[in-house]
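Look at the two complexes coming up: chain A is in both, with chain B in one and chain C in the other.
Take a look at the complex of A and B:
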């Protein structure tokens, strides 16, 4: 065991876990907030894809920072469809969510193909910030390795961590958080208290769209350095699962995203150690574990009572 | 051209209308159904045409190419064959959707069943008559996909765990497990790429005389009729409908809700497994690792457009099959990405929503988007 987990391998494992986990972190965090507010975004994959595309194009023409902003804006713009059709007009959230995912898959592939079919441009490596001192620690430092580690990451990763902390605090300690949770658990009570249910859900969904778009932008700008059709490869759906498993706890989103990130990248890291292990197997394990836990400790799900239900004032 | 592509829908949709509702005002109801089902498709074709225009392609030419690519020079046979898996998946989804349950693990069930029978086929091939082999493979495919739905079904039935999340998770597991099997025990050692050993092309499912169309299409047609019958003429269908309308009422009238959820889930899985068997044994004869036609989400909207009526799904399935087969030629000629179909299906769904809103204003008849009622708790 100890021969396998050398410093190089552990560093690669951490770096890979972060690289693959950050898009999940952003998307799952947004989805967690939206779900708490009672909105199930099956279109998360679509938000991420649009964020990845717009983020990539913006970063290609301007700079990385604007790229991330562009990605977030694009994700929020797509989530507006959800806001209008589902929150405002009360259509089925799952049907519209599937529509958003399919349409975004088609649209990004179409537009990208018509713009860059010949050139297939790539971006350079995103610049990292070395945290003074800490980045020199072996394994977690990563200041002198090519992929970095915990203390040598692009600014967006630290911004993401800050957003996680900020969101977790907001959800637990502020009126906003209380409103969001009420919108999902007992919307009529929130309405009676004089707070707009539709408004609360709208902001939660736009936040979700922006976060997912940012996650997608990270995927294309930092993780891949390019855009390709279906670049998200179902990560949006994994993020939905993570958000549901996190039960509204920001810390669990962080842990879940990192665990899945590691499982997505562990086979690469183990190749450094000369261990050849099937990517498919490793990728399967977290899901198998979750299912096993659900079966063994089968308990009721912890979803908000009004999840995916449109709110109609006065309806029973 | 666009109207040609959807014209058969009008005719083929007529029979279920009067059968479902009382005779009075049947014509009015039928008109409602046609308007509600066709308007979204037409709007999506128009909007898709505008997108094509914006990309510098000629939409009329494009849709004409879709038609000729999917119909001319014997391509109609490919279109008909593509209908088999799509129709079987659609039928499978009807059993769960009607009961108010979401089975979104379609791709995992499809690929796992496909992978297992593709690995099993070379073992059986040559050791028994082909007919027996196909029978065994179809049964195995149905059973595998059906078993794959048990965990989400039981969790939903007994603990109320949201089946969307669990069926998605088991879908991921199924896809990866299929890949593990194909790259491992089932791999064809004579091949450089990870894939299963191929059944000779000449020994795939028998074809309908005079055509290239395999008999899986007939299986699909028979099962679609059986599904329509089961849903509209049997107590099983009624129980599913009651469960879908109101789970609490279903329990009060003595329906064993957990058992019915399990049965609905497993039936839907079995149909999806048969879809995989028809596709693998009818067209391919082998499965390559990481192959994923991703039919799942494409079929979901059709089931809604057809309002959970198995016969009414057929024109929509035909249109989707035509789009996917003819789309290759059309996108190639127009110089756009061949993912245009995805955009079109997504647009159909969105316009379904818009039509729904207009319908609520102008009373175009019963809503189909509320067909799946979300349960509390």
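Take a look at the complex of A and C:
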């Protein structure tokens, strides 16, 4: 058991937690904004999958930076289906969301296999930025390790943290944020104020798609370094739950994503240490931890009143 | 205008649903290849059909099954019909179609088909092979294939224990899978047989994380950080992530490089960093040929089949395996075949834990 508390293992544990948490952070942040605007994106998994595929292929043919941009663009493009069918035409958000996920699963597998089934290309390790001084601190530094740690991460991770701060500020302090919250809480009031409810929801959903696509791209480019059919493995649905439990608070999305990631990493470490606990219980750890943390500390938040409801002017 | 827009939107959904149906079912149908008659045994079987849940180019279970069926068909001078990428949700129509198209032997290449396959076999009276379901055996209709994969893993354990520099071996499995546990136990037993003090670091990616390549990479990286310089990985799609972790890992103290041992298929063509030390290969060809022979003799279904080191389980030899170590592997293989070495069977995690702790 004592050999599990070495610097290398603890560093790998933190790195694993970040690897597992970042895709959830991006996707859940996007979903949080969309939910605040009244749009429930059950198709988040589909946005992530398309982002993962396009991000990987773009990075493979060009570079990592363009890969992430391509992933975000692909996620946003898929979310356009949600915009057209649910926001503009008022179709059921849950049904369309499920269709998007299934279609993305089939489409990405089909296209990827037609291109790469035999060659199975991989990307090398993503380049990281070491925070001067801090990256040399044992365990949290990670400067000289293969997967880094808190202070040695690829630029996309720092960009993600900046987006969290920017989104939280926008939601709380700007007219855009107010409009988004109104679109989810009282869309008729927003409409009466002369702001387009459909337009607001459209931009929120496109942002959600872009963030989920970015999360998917992180998964394929950095976390795995390759694309595999259904690589997301249900992470989109976990992100939806995280966004709901965070209930509109960007900081809680951040905390939830990394608590989940670190818990997942701890469950790996427990097994490696040979702790005599059933794997059934070990695999419950991330879910139980996140639910406990967010329910206990995030309980004063709430879900928007008009969540998943189409807006029709004048309808009661 | 708005009305026509709605119609267009509905058309998109319907088209999507149709496309999904296509993706989820028989994507590999029509892969007909006439087998070239070579040294065909005195068995006459016109056509072999195989249904596999994933695509037949996955460098793993499905590819080995499809390749084995094709090789058997070629050796027997039979036609082959491959239905791969079938999944698990809508298998019965695929098996029925294989039967209706005159397959004389159907291979249901997934234990997940064990409920449906015997039903179709009974309905169409077509001899059918299933996996890990001895109770389904029925004369003339259904025969069971069991894998003694732990025997190949035992050989991999010898190779790993003789090659490791840190004295710590990693075992990573993608799921709570009987075959993974059997091989994990065989690997541990083989390693201990030549190096009693070898240590193991074992972890499971998830309960059924077969395709979780990101999870496979994350867990493998932690196993390597815990000191393992050779990782025995079992994962289907997740194993690509394990391989990626090994390729990008910083070697633990005492080692200069980390190596990977794979299972079922041969990933040499995609091993760009020369880290693939070996693989426990499963070749089903001889088992399929034996099944065809039994059909000809009228004895199909009277007994089950076992794939082991004498008829299909082997260890992939790469340039990374030292010659002297390989001689020991060959020796152990001969002893397993003769019964001199009996590899322990560890069908669950508890049995594996008892060996590695």
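Throughout what follows, the second predicted complex is superposed on the first by the 279 of 316 C-alpha atoms of A that agree within 3 Å, B and C clash if a C-alpha of one lies under 4 Å from a C-alpha of the other, contacts with A are read in each partner's own complex, and residues count from 1 in each chain.
Note that a residue touches a chain if its C-beta (ideal position, glycine included) is under 8 Å from a C-beta of that chain, and two chains touch if they have at least 3 such contacts.
Note that this is a predicted model, so its numbers are computed, not measured.
Novice: Determine, under the contact definition given at the top, whether A:275 touches first (chain B), second (chain C), both, or neither.
Specialist: Touch partners of A:275: none, neither chain B nor chain C.
Novice: Under the stated touch criterion, which partner chain does A:16 make contact with: chain B (first), chain C (second), both, or neither?
Specialist: A:16 sits against chain C, while chain B stays out of touch.
Novice: May I ask you to decide whether A:109 touches chain B, chain C, both, or neither, giving the answer as first, second, both or neither?
Specialist: A:109 contacts both chain B and chain C.
Novice: Is A:89 touching the first partner chain B, the second partner chain C, both, or neither of them?
Specialist: both
Novice: Based on the superposed arrangement, let me know which partner A:162 touches: chain B (first), chain C (second), both, or neither?
Specialist: So A:162 meets neither chain B nor chain C here.
Novice: Thinking of the overlay built on chain A, is A:305 touched by chain B (first), by chain C (second), by both, or by neither?
Specialist: In the superposition, A:305 contacts chain B only.
Novice: Return first, second, both or neither, reflecting whether A:288 touches chain B, chain C, both chains, or no partner chain.
Specialist: first
Novice: After the superposition on A, what does A:226 contact: first (chain B), second (chain C), both or neither?
Specialist: A:226 contacts chain C only, not chain B.
Novice: So, does A:8 touch the first partner chain B, the second partner chain C, both, or neither?
Specialist: Only chain C; A:8 stays clear of chain B.
Novice: If I apply the document's touch criterion, which positions on chain A are contacted by chain B in one structure and by chain C in the other?
Specialist: After superposing on chain A, chain A residues 81, 85, 89, 91, 96, 99, 102-103, 105-107, 109-110, 113, 117, 229, 280, 283 contact both chain B and chain C.
Novice: Which residues, counting only chain A, touch chain B once they are in their complex?
Specialist: Going by the criterion above, the answer is residues 40, 42, 81, 85, 89, 91-92, 94-96, 98-107, 109-114, 117, 229, 234, 237-238, 240-241, 244-245, 278, 280-281, 283-284, 287-288, 290-291, 294-295, 298-301, 303, 305-309.
Novice: Going by the contact rule at the top, pick out the chain A residues touching chain C in the complex.
Specialist: Chain A residues touching chain C: 3-4, 6, 8-9, 11-13, 15-16, 19-20, 23, 81, 84-85, 89, 91, 96, 99, 102-103, 105-107, 109-110, 113, 117-120, 122, 124-125, 144-147, 219, 223-226, 228-231, 233, 264-265, 268-269, 271-272, 274, 276, 279-280, 283.
Novice: Give the list of chain B residues in touch with chain A in this complex.
Specialist: Within the complex, chain B touches chain A at residues 51, 55-56, 102, 151, 154-155, 158-162, 164-166, 168-170, 172-173, 176-177, 179-180, 183-184, 297-298, 300-301, 304, 335-337, 339-350, 352-353, 356-357, 369-370, 372, 374, 376-377.
Novice: In the complex of these two chains, what residues of chain C are touching chain A?
Specialist: 5-6, 9, 12-13, 16-17, 19-20, 22-24, 27, 55, 57, 59, 176, 201-204, 206-207, 209, 211-219, 221-227, 237, 240-241, 244, 247-250, 252-253, 269-270, 272, 349, 353, 357
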